[in-house]
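Dropping the structures in below, format is structure tokens.
Each of the next two complexes has chain A plus one more chain, namely chain B in the first and chain C in the second.
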Partner chain A sequence: MAFFILRRVGVMALTALCLTFVVFFLTNLYPNLEKLAKTQGNARMTDAEVASWIDRNGYGGPMILRYGEWLGVVPGWLREDPVNGEWRGRCLERGQTPEEAPRYCGLLQGDLGFSTVSDDEVANIIGGRLQLTGILMFWAFAVMVPSALLVGVLAGMKEGSRMDRSLSTLAIGSTATPEYVSGVIFIVLLASSTAGLSPILSELGWIDGRTLFLGSARSAMEDGINFWNFTLPVMTIALYGMGYIARMTRASMAEVMTAQYIRTARLKGVSFRNIVLKHALRNALIAPFTVIMLQFPWLLTGVVIVETLFNYNGFGWTLVQAASNNDIELLLACSIVAVFVVLVTQLISDIGYVFLNPRIRIS
Partner chain B sequence: MEPLTWSGDLGAFLNPLMLAALAVFVAGFAANFLMTLAGIRAGEMVVNPDHTLSVRRTPVDYALMAMKYAVLLFVLCCVGYILGGALLASPETSGILGGMAARLTPVWIALVILFALSITFKRKLGLYGKLFDSPIGMIGFGLVMFWIFTALFAGMVATHGPIDVISQMRNELPGSPLPSPEDGQYTWYLLGGDNLGRDVFSRMVYGSFEVLKIAPLATLFAFMVGITLGLPAGYYGGRLDTVITFIANLVLAFPVILLFYLLVTPEIVAAGVPNYLSLVLFIFPLLFLVVLFNSRYRTQPPVRNVIVSVVLVAGGLAYLSLISDASDPDLPILFRLWPEALDLFDIPGNLLIVFVSVVFVNSPTVFRIVRGIVLDIKTRDYVAAGQTRGEGPWYIMLWEILPNARGPLIVDFCLRIGYTTILLGTLGFFGLGVSPESPDWGSTINEGRRLLTIYPHPALPPALALMSLVLGLNLLADGLREESLKD
Partner chain C sequence: MLPTTNQHLETHPVAEMYADEYKSGQLSRREFLVRSTALGVSAAAAYSMIGLSPALADAHMVTPPMGGSLRIQMEVRALKDPRTYDWSQMANVSRGILEYLVESRADGTFAGVLLEGWEANEDASQYTLRVRQGVKFNNGDDFTAEDVAANFRGWCDATVEGNSMAARMGALVDPETNQAREGGIEVVDDHTVVITYPGSDITLIAGIADYPSAVQYRDLIGTNVLDHGVGTGAYRVTDYEVGVSARLEKNPDHEYWGTAYLDEVVFIDLGQDPAAWFAGAEAGEFDMTYETVGEFVDLFSAIGWTQSEVVTAATVVIRPNQNNAPYDNVMVRKAIQLAVDPQVCLDLGINGQGIVAEHHHVCPIHPEYAELTPLTVDKDAAAAMLAESGHADHVFEIVSIDDDYRRNTTDAVAAQLRDAGFTVERTVIPGSTFWNDWTTYPFSSTNWNHRELGVIVLNLAYRSGVAWNEFGYANPEFDALLDQANGIADADARREIMAQIQQILQDDAVTLQPYWRSLFRHYREGVLNAEMHPKFEVNIHYLGVEA
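Up next is the complex of A and B:
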């Protein structure tokens, strides 16, 4: 078991290394640096000026060395300004001398760099944004997982029954509705003052405000979340993932229900309710556990879409901003977080599967 | 001129019927649900002493029957709208729904012919024919074919051009008449105008063509890549498998949205990254076809030489035309080497990028599926028989294993087209799509969402269209899976 985990962690570290290098490579391609130089310096730089700016600010030199600097295994760059003799460098605060500053400053030292667009440490930006996204994800999961499991178990306990057919069709419908479609439909139906349900309800005097729900989650960031401003984003994320988990649960449940021991229990005269709750349910929930864990990376895309659609300044929103503003260090940090989430959930799902399933654990 | 109403004159008659059907359905559903909770069961068949069968109906049966007839009535009303729209010439009497149904006449005719032919000959059509035994599969197939025919007949169905702007029609509501219609111009914007004054209905119709142009082809390419890599990885195993699986996992561990942003941003496009990717990815279909025919006709060299050389010349020409574009001076020199005279077609830059990124994202998943199936199938007896006969490994992979893996692959193909459609929509939603004024659904939703709470009508039709197409593909896949499992 220990060897298995160790090997998985090793592969994971290698994957993370490769992926971060790919992101580093793509974000540090010359056209990107050129654009950065022009936005930081001035827009009408000549090619020679761009080249010298890039060199002066530590973006020159071989890619692999700069990746090492960013990772924190190669000493950060240092340059003395030929005009005023001031030292500039990756690890230097303004006014520091090379002796005072640390030699290494990179990911391993916990230094994520400086966001050129927001003018702030990347670590400060990412922390707050991740917290906001964490709240959103938590509620999305709190809605999605129980309802998906319920739908899946209900559908799978009698395969081919009418309930199975209708719930399965529902699940297929939910997997066919990506976030940007369901979000749009929800907003029109529930959060528009001119269309959908809100005008009718408001005319009847059943709701106080002009709309049933708020079509933007901006207020959730400042005034705290409530039913009014957070329902639609949470529902939108939960809906798309729900169908998939439900279908996996259904398949797993249906398979368990055909097992020998269930038939034995039936022949013994155990009631159907007890068979489902006591005998089938626990075994049927092993496979969905993996699926739920692997949903995290999928949710990441959903989070990006939903945060953009509902104007919620979380992690996904930051990623979009960083990518469209060419904010290299911030984008790198975002991708680190994304890659980390994906790999850790994969690891948890692998290990958890082994723990949950005694058949695999023993062999 | 008066704006159109939604249902026109037919509405006075059909709307109450539809509402009644809806009410009966909801009531039936509620009654059914409550009675099931209360423990009342549906009636069961009873074998009488004289060997006849009888069913004693319970209230649950009646509730179910009411639901069934309500659905039937609802469908009949929809058919009424379609027929009414087609028969009543002017949208003024048949309303917006009728007007749209009338514009879609070629699609209805094609659908009816297709279904009539398929159902008549379904026993001779293999798996495709069996699809018509499953209601779910038929509905899915109908939805998919509806959009395919709409895309094919887009020129006849659409009322206006996809980028024709009439500035007075900006954000006009559905059914608004044109301010000063010219001769021969359709007099209304059936689903209203968007924020630039373009016709929402026509853009949705042309959008179906944009989507269906890319999604199936990109999925096909992803399958070729996945199959070409997955077969040897599963069959040989060992170090080859480890390496390819690791690379596939790398791509899979990448969050899709980040990958898109990294591949599609202008700076990275300027560095030629998508072009290098296309260089690598598009060689796989060529490789696939060459190996496919080579392994089949290896024992008959004359035939083999002819077929393989034809594939090589045609495929090679297509490949080189696809990846190179001598007229674009921004590309790296590698992609401008191929002479312009032999360059059969140029793909507009953005289209190629979108295409490549979608293929790139999809192929690792296909690879994993193929690899899994191969690992399962390679232990079968017929594979061992082939090996004993002295067949080459590629013959066994492509002509023994692959045909036997077709069931799950076809099902996954349908699902994956739907997924690709969603991905394309995501790209459009973030404004990374084919081009800013392209009518594809993702871009249209993106444009419409800015004023969503005030003017919902521009964003809603493409959203529903995308949903129905993906739903159709998923249902089709489900039907196919069910029917192929029955064997």
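Up next is the complex of A and C:
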């Protein structure tokens, strides 16, 4: 087991290394550096000014060396201003001289670098943003998993029944509706004071505010989450994943229900309720467990859309900001986080599988 | 207290002449105010010269009650050296700390902020700036003429990448050293600075009222105000998260020279999508928009917000770049101009929220605007001209940014060209990459902000070889006339030259410039002094909320 985990950590490091190199390579293509120069310098700089900016801010020179600087295996760049003799460099704070600053400052030294778009250290930004996304994901899971399992089990109990057909249609419908569609529909139906349900409810005097729910989750970040401001983003994410998990649970449940031991139990005269709860359920939940763990990486892409749509400044939103502004080091940090989340959830999934299914061994 | 201008000139010989022109109907009130206040006459005196009550000058400003908090929806961008600001949003945040020497008001007048007043000599080559007394920086030091001179030297430093102030300083920058001209900036005493140009320059005051000209402490020129927070304004930044929000509060350790009303101002960034702003407004997340655009103007009004409109010289140009074939051929450009009806662009591009323009980038609200014979639109003639030029089978690719009104206007142009028989391809590029090559696309659209004088934008964008010349336009005759116009403070004389300049721009078919935009802003009931400004300025010192 220990060896297995160690090997997984090794794979994770290697994946992160490859992925960050790809991201680094793409964000360091000249047109992207030019974009960076223009967002950081002036949107309307001339080509000569762009070249000078790129060189002055340490984006010149071979790409592989700069990747090494980011990793922390190559000393950070240093440059003396020819006019006023001030030193600038990767590892230098404002006004520091090269002697005072460390030579290496990269990932290995625990320095995630500097976010150009936010004008702050990456480490200061990413933590808070991840926390916000964590809250959103927690609630999304809290809604999605129980409801998906319930729908899946109910549908799979009696394959082909009317309940199975209607719940399956529901599940397929929800998983076929991407977040950017369901989110917009939710906003129009439930969070507009001029369209959808809110004007009607407001006229009837059933709701106090102008809208049933808020179409923006911004207040959730400052004033704390409540039913009013967090329902729509959570529902938008949960609905998409719910259908998929429900389908998987149904398939697994339906399969278990046809197994020999279920028939035996039925012949023995065990009640249907007890068959489902005591005999079928545990075996039926093995497959959905993996699917649920797989939903974590899926949710990471889902939050990109939902956080942008609902103006919730979490990890997904940060990723969009970093990408659209070519913020190299913030993007790299986001990549590492993404790799970490994906591989850790897969590790948990594999280990959990062993406990759920004694027939499987991993080492 | 709003900045007073009691030490301004009471009169000026040229201003007297303008007053006569106004009375004889040659100048509009707005034009008269722009020109006379630029010469150093106080707004009040200018109004009285033309027999109007000065109370009109700030009738739209009320004195708000003290205290309160206001949330403004606006992009929160990373701040940097103010000279390199490329978005008015940056200045709107830093304006709470870094004030300006002069401000331009929504009615076109200039008023002193950190200057008490200024005078121009007869040919507008020398300006005497009188520095406001009793102003302190929040580090305890007095604001003096030395600070003004240091800022001018900083603005003239053309070696700084992206320093757009250097272009605004014009001939004050020595082209040899790329620094301020020797003897151009002279500190006479603690409260007087004299700026001397080698020739006439009428754009100085407009230049130092523009948003990159924020005044910094003498030793901190070229720094980011977030790093030190030193300035003369009444506020300080407590939180600043790019793309999320910025919070300013009244600085309790600083004695502000004027009066600031609000205790707290929060700028909230809801991204670039107006639909998200609207959702935020419905959710009650802010009290005032920075700008309301397109169809959302009506939507915001529909949910009961107060609308504020200002007509400006902000515009969109859809221009061919003459460095690219076939746009080096004047007949092709002429054919494009003939095929496009500006009225259609106005209606389809911005819902008719503006007035029609004449493809020469000088607006009727500019003082030197000359009226030319109206343009004709003739699609058949356009097709014939295109055929004659030999480029009839060229595929015209028109690039635009992926944004509401610029994309729609460009689409309107493309549709009209297709109607006239051109083969047109449309390319839409996201805002994040569009600006990489904005000056070099063969045929693309660009938005230009309002500027106070007609010559300013011509100097910035149409003169041969300047950085922002996205037209690839190089015409020595035009340059010579523009030089001449830059040196004429007198209104009518300059208009004669401008008539020629505008005519040349039309004859050379340099660009399509179909309309002038009105700008809109919305605010909730109870927000005071939040009227839209032609240059998107928000001065949080003036804002207030009803108790």
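In this section, the second predicted complex is superposed on the first by the 334 of 363 C-alpha atoms of A that agree within 3 Å, B and C clash if a C-alpha of one lies under 4 Å from a C-alpha of the other, contacts with A are read in each partner's own complex, and residues count from 1 in each chain.
Methods note: contacts are C-beta pairs under 8 Å (C-beta built on N, C-alpha and C of every residue); 3 or more make two chains touch, one makes a residue touch a chain.
These figures come from a predicted structure and were not determined experimentally.
*Asks:* By residue count, which of the two partners contacts chain A more extensively, chain B or chain C?
*Replies:* B
*Asks:* I'd like to know which partner A:P31 touches here: chain B for first, chain C for second, both or neither.
*Replies:* Both chain B and chain C are touched by A:P31.
*Asks:* Touching A:T258, do we find chain B (first), chain C (second), both, or neither?
*Replies:* Touch partners of A:T258: none, neither chain B nor chain C.
*Asks:* Considering only the touch criterion stated at the top, classify A:P178 as touching first (chain B), second (chain C), both, or neither.
*Replies:* First partner only.
*Asks:* Just chain B (first), just chain C (second), both, or neither: which does A:T301 touch?
*Replies:* So A:T301 only meets chain B here.
*Asks:* Answer with first, second, both or neither: which of chain B and chain C does A:I187 touch in the superposed model?
*Replies:* Both chain B and chain C are touched by A:I187.
*Asks:* Looking at the overlay, what does A:D119 touch: chain B (first), chain C (second), both, or neither?
*Replies:* second
*Asks:* Across the two complexes, find the residues of chain A that touch chain B and also touch chain C.
*Replies:* Touching chain B in the first complex and chain C in the second, residues 31, 34-35, 187, 191-194, 211, 215, 308-309, 324, 326 of chain A appear in both lists.
*Asks:* Please give the residue numbers of chain C that touch chain A in the complex, ascending.
*Replies:* 78-80, 84, 86-87, 159, 161-162, 164, 224, 226-227, 241-244, 268, 270-271, 276, 279-280, 282-285, 299, 302-303, 430, 432-433, 435-436, 438-439, 467-468
*Asks:* Residue numbers of chain B touching chain A in their complex, please.
*Replies:* That would be residues 64, 136, 246, 249-250, 253-258, 261-262, 265-268, 270-271, 273, 418, 422, 425-426, 429-430, 442, 445-446, 448-449, 452-456, 459-460, 463-464, 466-467, 470-471, 473-475, 478 of chain B.
*Asks:* Quick check on the complex: what are the chain A residues that touch chain C?
*Replies:* 31, 34-35, 38, 40-46, 49, 52-53, 56, 83, 94, 116-120, 187, 191-194, 210-211, 214-216, 218-219, 229, 308-309, 311, 313, 321, 324-326
*Asks:* Quick one: in the complex, what on chain A touches chain B?
*Replies:* 11, 14-15, 18-19, 22-23, 26-27, 29-32, 34-35, 162, 168-169, 172-173, 175-178, 180-181, 184-185, 187-188, 191-196, 211, 215, 297, 300-301, 304-305, 308-309, 316, 319-320, 323-324, 326, 334-335, 338-339, 342-343, 346
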